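A quick write-up on the structure given underneath.
Which chain is which? They are A, B, C and D, in the order written, and residues in each are numbered from 1.
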Amino acid sequence: MAESTAVNLRKTALNGVHRALGAKMVAFGGWEMPVEYPSSGGLVAEHKAVRTSVGVFDVSHMGDIRVYGKRASQAALAALEHLTMNQVSRLAVGQAQYSAMLYPAGTFVDDVIVHRLKDQDFLLVINAGTGEKDFHWARDNAQDFDCEVIDLSDTYTQLAIQGPRAIDVIAKLTDSPLSRLGSYWCTYATLAGLKDTLVARTGYTGEDGFEIYVPSDPETSEDVWEKVLSAGREFGMVPCGLGARNTLRLEARLPLYGHEISESINVWEAGLERFCRMEKGEFIGRDALRRAKESGLSRTLAGLEIVERGIARDGYRILDEAGNAIGAVSSGSPSPTLGKNIALAFVPPESAAIGSAVYVDVRGQKVKACVVPTPFYKRLRPRPTPADAHLGGRS
Amino acid sequence: MKDKITEASRHTSQNEGLIFEKSSPGKRGFDLPRLDVPVVDPAQVLGDNYRREGVVGFPEVSEIEVLRHFTRLSRWNYAIDLGMYPLGSCTMKYNPRVNETIARLEGIATEHPLQPQEVSQGCLKILHLLEQCLAAITGMDALTLQPAAGAQGELTGLLLIRSYLASQGNPRKTVLIPDSAHGTNPATAVIAGYRIQNIPSDSRGQIDVAKLTEVVTEDVAALMITNPSTLGIFEERISEVADILHRKGALLYMDGANMNALAGVARPGDFGVDVMHLNLHKTFSTPHGGGGPGAGPVAMKRILEPFRPIPVLIEKHNGSLALEENRPLSIGRVKAFAGNFGVLVRALAYILAYGPGIRQATEDAVLNANYIRKHLEDVFDLPYNLPSMHEVVFSDHRQKANGISTLDIAKRLIDYGFHPYTTAFPLIVHGAMMIEPTESESKEECDLFIEAMRAIAEEAALDPELVKQAPHTTRVGRLDEVTAARKPILRWVGKG
Amino acid sequence: MGYPGNYRYTRQHEWIEINGTGVGSVGITDFAQKQLGDVVFVGLPKVGTTFKGGEELATVESTKAVFEVFAPLSCEVLDVNRSLESAPEKVNADPYGAAWFAKVRILDPAELESLMDASAYEAFCPESKI
Amino acid sequence: MRYLPKSPIERSQMLSAIAARSMEDLFSSIPERFRLRQLLDLPGPCAESEIIQYFKERARENSVGYARFLGAGVYDHLRSVVTDTIIQRGEFLTSYTPYQAEISQGTLQAIFEFQTLMCQLTGQEVANASMWDGSTATAEAVLMAERITQRRRALVARSLHPHYRDVLNTYARSSGLDVVEIPFDTDGAVSQQALQAELGEDLAALVVGSPNFFGVLEQLPVLAQAAHSVGALLIVAIAEGVSLGLVRPPLEADIVALEGQSFGLAPSYGGPFVGVIATREKYVRQMPGRLAGETTDSRGRRGFVLTLVAREQHIRREKATSNICTNQALCALAAAVHLTLLGKDGLGEMALQNLSKAQFALGELLKIPGVARPFGAPFFNEFTLVFPRPVETINRELLTKKIIGPLALEPAYPELPNHALVCVTETTTREEIERFADALDAALAPLEVRA
């Protein structure tokens, strides 16, 4: 991961703020993003802040696609059912779901979070690196539907406020009863003085948290950033970078495009079946997935704990007892929360049973690892009461 | 018979040669643990331009040979551990052995000066406590423990003065130095970029205040004074001297070489001194080790504090200690890292041993000097008869009559089992005999010394040659310093 | 050892021997060498340098002292006695002869007046100290 | 008080002997108002056991039990217990500077042997009895060059130890010496180009470190040629003496300023160490510091004395070559004993172990994605790496794993962010090196976020 020196990198509205904070900037998906803030104590400190209290991420590099159409035609809904693998019709207005756009082969264009803002007005939040591709894919494949597909990526500065105390921070920034907003629900609220700000109780850290969408002009963005930080100060909130975001999502086994999902990995291999509704009817990739299921899996994503010395890094080979290559690490890192070295790796199903031993080729050394259940880290979440969800839906 | 004795002594420690002369290829006195990584080929790693085959001429001897060699050499030294070492202005006092033990503790001797300060708090607390103790003893406001020895303390002190005066608009040109001063004073002042002007002593051996008043101008940066003076006499008009300087904007520097006369009794900070150095290897008992290591902390008044050399020991708001490098007004760095830490540790151990009782040590030191003076002033000339503090200075004036010099008497003392006193210093006394017993000597040892001196005085009158040829009991007689200097041999080059 | 009559002397115990032609040799007196003790080193000036009277022209070291040899009068160094570098003991052995330090050209003969002659130096010397 | 050998009776006997009524009388010459009326407020008195206790407690607050990869002028090397046994002998420990030769032959001969060892190591003709440390030795070497050449300008390599440069600047500032810094090139060595540009007939000396602060070995013959071409002296400062067991000595240097800490002296939080100045015979009278010389006694037997003393402050006063008086004699003795124990083979083997372990460590660390080596020139036991992350942040994480990481270069070299100076000696075990590599890998791995 080279120091970001390329001039053609895109910068978020908060780029200046990050630099002022002394953040270490790196190139990520065509963007210049903060990977960690030495002023926050660095990656590990940021990670721990999110697990134990709260942290804030600038995730403005994420892409946003709006799909909307006439209420009567229900075309927008139909387009999304065709475009994505989860069942969009199950979404109430103000609800969001994790999903993905697939190629006909059943492999990934990208994973997305689909927000139902109005009956026929949806916001798809997509990855940075794949933005262009995703947008064209969505637009091209929605042609036969009477709906609009537009790219809103540049209109939002997106902040992720994550951690058990995120709710307390948000509460200080708004009068709306957002504490009752359910997980994977979203709403418009007056936040940090900004009217009609989109707030979603979503995240990419495995903790409770919110993602807010504010106008991407520097003044507003910096103003909101400042207000959020000062609201969070009493809870020890720190700015967090991509580094912590990556270790957090890895512990929570959330996939990262190019690692656990890609155009050469299908839904079954990625282990994302619970977000894939074969029964809902036709969608791109469905046939291939059915065939893939029949012919059986050649590899599956397994969670590994490295039991001997060594870090399993992305791309390292997985070996069997005899030393033959049987797979590869998709993501690997020390887990700040568990204090262990963990990894996600694609291995043959027969090697993926919990407790079975595999080996990682670490800098030429055969290092023993053990298949463990995932997610590696699971927060104790207060089961939301139906009432919450209900209210959340309407608020 | 005599030849037989010479014969017989050929294999005793009396004839220990140079270690290089015992060398034989293949022997060694130390083994390294087995290498636990692949060995590399230096030729390949370094390249021939950078490579060397091995140190030509380096000794090759076994452990027992090394141990014996240096043990034998050690027996040719005189030492405090053997008896009184009355070297004037050197303060050769007992070196407590516990100081050696603690300086070698794991966690003290093993610490790296650049390691994170989170894991150096122990070292920093030691430095902090020592600073506080020395401030209390000197009556000063701030310390730097950086200087490696007294002479570097002097330089640091003068640079502090120079920076302070420069900040006032003019560093000035001249440093005044009494004619009785140590040689380091003028040598240091020159390195500090100052011109020297000597101040004569008056007939009583005190600084000539009238003369001083004349010469102190806006050009004078400071007066470097030793108090008590090298005559062992307290400068009675010291605060007057300070006022004269201060009135003209100059500062008073005190050479703390004689602090052993004052610790716990009077504080330079009280009588007008602006900055001074301490010799931890004198007053504070760190071993002289045959010429070092020492340490020369500098104590100063608040006005000089901003200019202290880096690093500066600070206390952070969270209560932890740190060495700070970022000091815009600092005179800079005078020595790498954080001073002679190992010496500082010993000095603190010494202070802790006495606590407030350090006054008793000073009293005993002064008592010894005056006791010796009392019992010798009838046989040796006392050029200045003001009250003595921790040391007394006689002259060889009376013995000169029989052609006996202070050096002869000094050498003869060796035969009586004592180390000589300081000879030919201070310069203002011709044939000076400068005696500093320190508090470490018992009444018995003092009495023996007095006996010896009186006996030598007698010999000087009755049998001058006996004294002139002394010492008679040492491994070697007087050495030919002239040839040594005319045709210097400064290293062993082997046969042929 | 006496005081060569044809020499002139300074209060700092240097002598200069004039050999008519405005050229002279400079050295230190027997008294000076006795005070100094065994000489172990002599530091000589560069040929061609000029000195004012009283400026340091050379140094003499014994094991216990350093003695600065001052130019008796304004002069230019024409030659120096290299043999003293290898045999400084000459200064003790033959201060008025073999141990000359430098041959100099005298720049202002008038200055000679300020120097002592043998008898004056002899009178001056004993109570003098270095 | 256990250190004071007088009973109350003896005290009063002695007082009456000098006709003093009380101790107070002894201080009559100190004006009344300056005499302290009460005892000083000092901690103690402490028993021996209490003193040991206090310092053991302080020791526990330091870095016991940590693996360490710091060098930068202070090195961990093996030491024989014999060295300490010798220097703790009272005859060495509690003796003064050997001015009285007849009863100081032990110290004098040891110094003479030390001087010889230093000459053999550095390839120079004379070495002094010691200076305070490598930094002051370097500064004094420059002042010495100034006296020899009668010139007032010195070039100092930016790659020289920053503390050494600081000390030189402190000495230079007051003595009006002009010091110019020469940058380093992409190899971490002195930039020839910049050097050529600064050469001139007014130049007294060129000062370089080798190994320099980045661990890099400088090309001394080339540098000497450059300095000598304008009649200037080459001064070589050596902070890691063990390198001389394997690395070609600075034969072309006119003055060598050596730090001898590596020769049997504990790191001791920065001192006391032992500096040395070694040079050519013809410059000996301009050399600072004490010198022991061989001679004979009245009966013709070999003996040793301090010689050429007329250079020193107690004789020449303001015209002295230096103000140094007390030096580091006992440290020099320790170095002499240590080097004698090691001997020719031992020193060579120790140097080879340093070289081998440093090479091994470099290999292990370079396997870690994101770790690079900026400077290509040969090195001894220290090398520079660049990380994808601020060194301080990494070290903070290493510290939690009981590892004291490499030195961050940025504070002293703002132009080298994320650069670290790694040191490995014979005392560093393979296990420690691997633990360090893993910890560093762990500190960097999470940053590997690729889209």
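Note that in this section a contact is a pair of C-beta atoms (placed from the backbone, for glycine too) under 8 Å apart; a residue touches a chain by one contact, two chains touch by 3 or more.
Everything numeric in this text was worked out from a predicted model, so none of it was measured.
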Q. Going by CA means, which chain is nearest the middle of everything shown?
A. D
Q. What is the distance, in whole Å, between the centres of chain A and chain D, each centre taken as the mean of its C-alpha atoms?
A. 55
**Q.** chain B and chain C: spacing of chain centres that average the CA atoms, whole Å
**A.** 38
**Q.** Between chain B and chain A, distance of the C-alpha-averaged centres to the nearest whole Å
**A.** 70
Q: Express in whole angstrom the distance between the two chain centres, defined as the mean CA positions of chain C and chain D.
A: 45
Q: Would you pick out the residues of chain C that each touch at least 2 other chains?
A: 40-41, 61, 63-64
(Q) Give me the residue numbers in chain A that touch at least two other chains, ranges are fine. (A) none
(Q) Give me the residue numbers in chain B that touch at least two other chains, ranges are fine. (A) 481, 484-485
Q. Linking chains that touch, what shape results: line, ring, star, complete or other?
A. other
Q: Mind listing each pair of touching chains for me?
A: A-D, B-C, B-D, C-D
Q.
Considering only the defined contacts, which chain D positions touch chain C in the complex?
A. 285, 307, 309-310, 315-316, 319
Q: Sort out for me which residues of chain C touch chain D in the complex.
A: 40-41, 43, 61-66
Q. Which residues, counting only chain A, touch chain D once they are in their complex?
A. 1-3, 24, 26, 28-30, 35-36, 38, 41-44, 47, 127-129, 242-247, 256-259, 309-311, 313-314, 332-334, 336, 341, 363-364
Q | chain D - residues contacting chain A, complex | A | 364, 367-370, 388-390, 392-393, 396-397, 434, 438, 441-442, 445-451
Q. Once bound in the complex, which stretches of chain B touch chain C?
A. 424, 481-482, 484-486
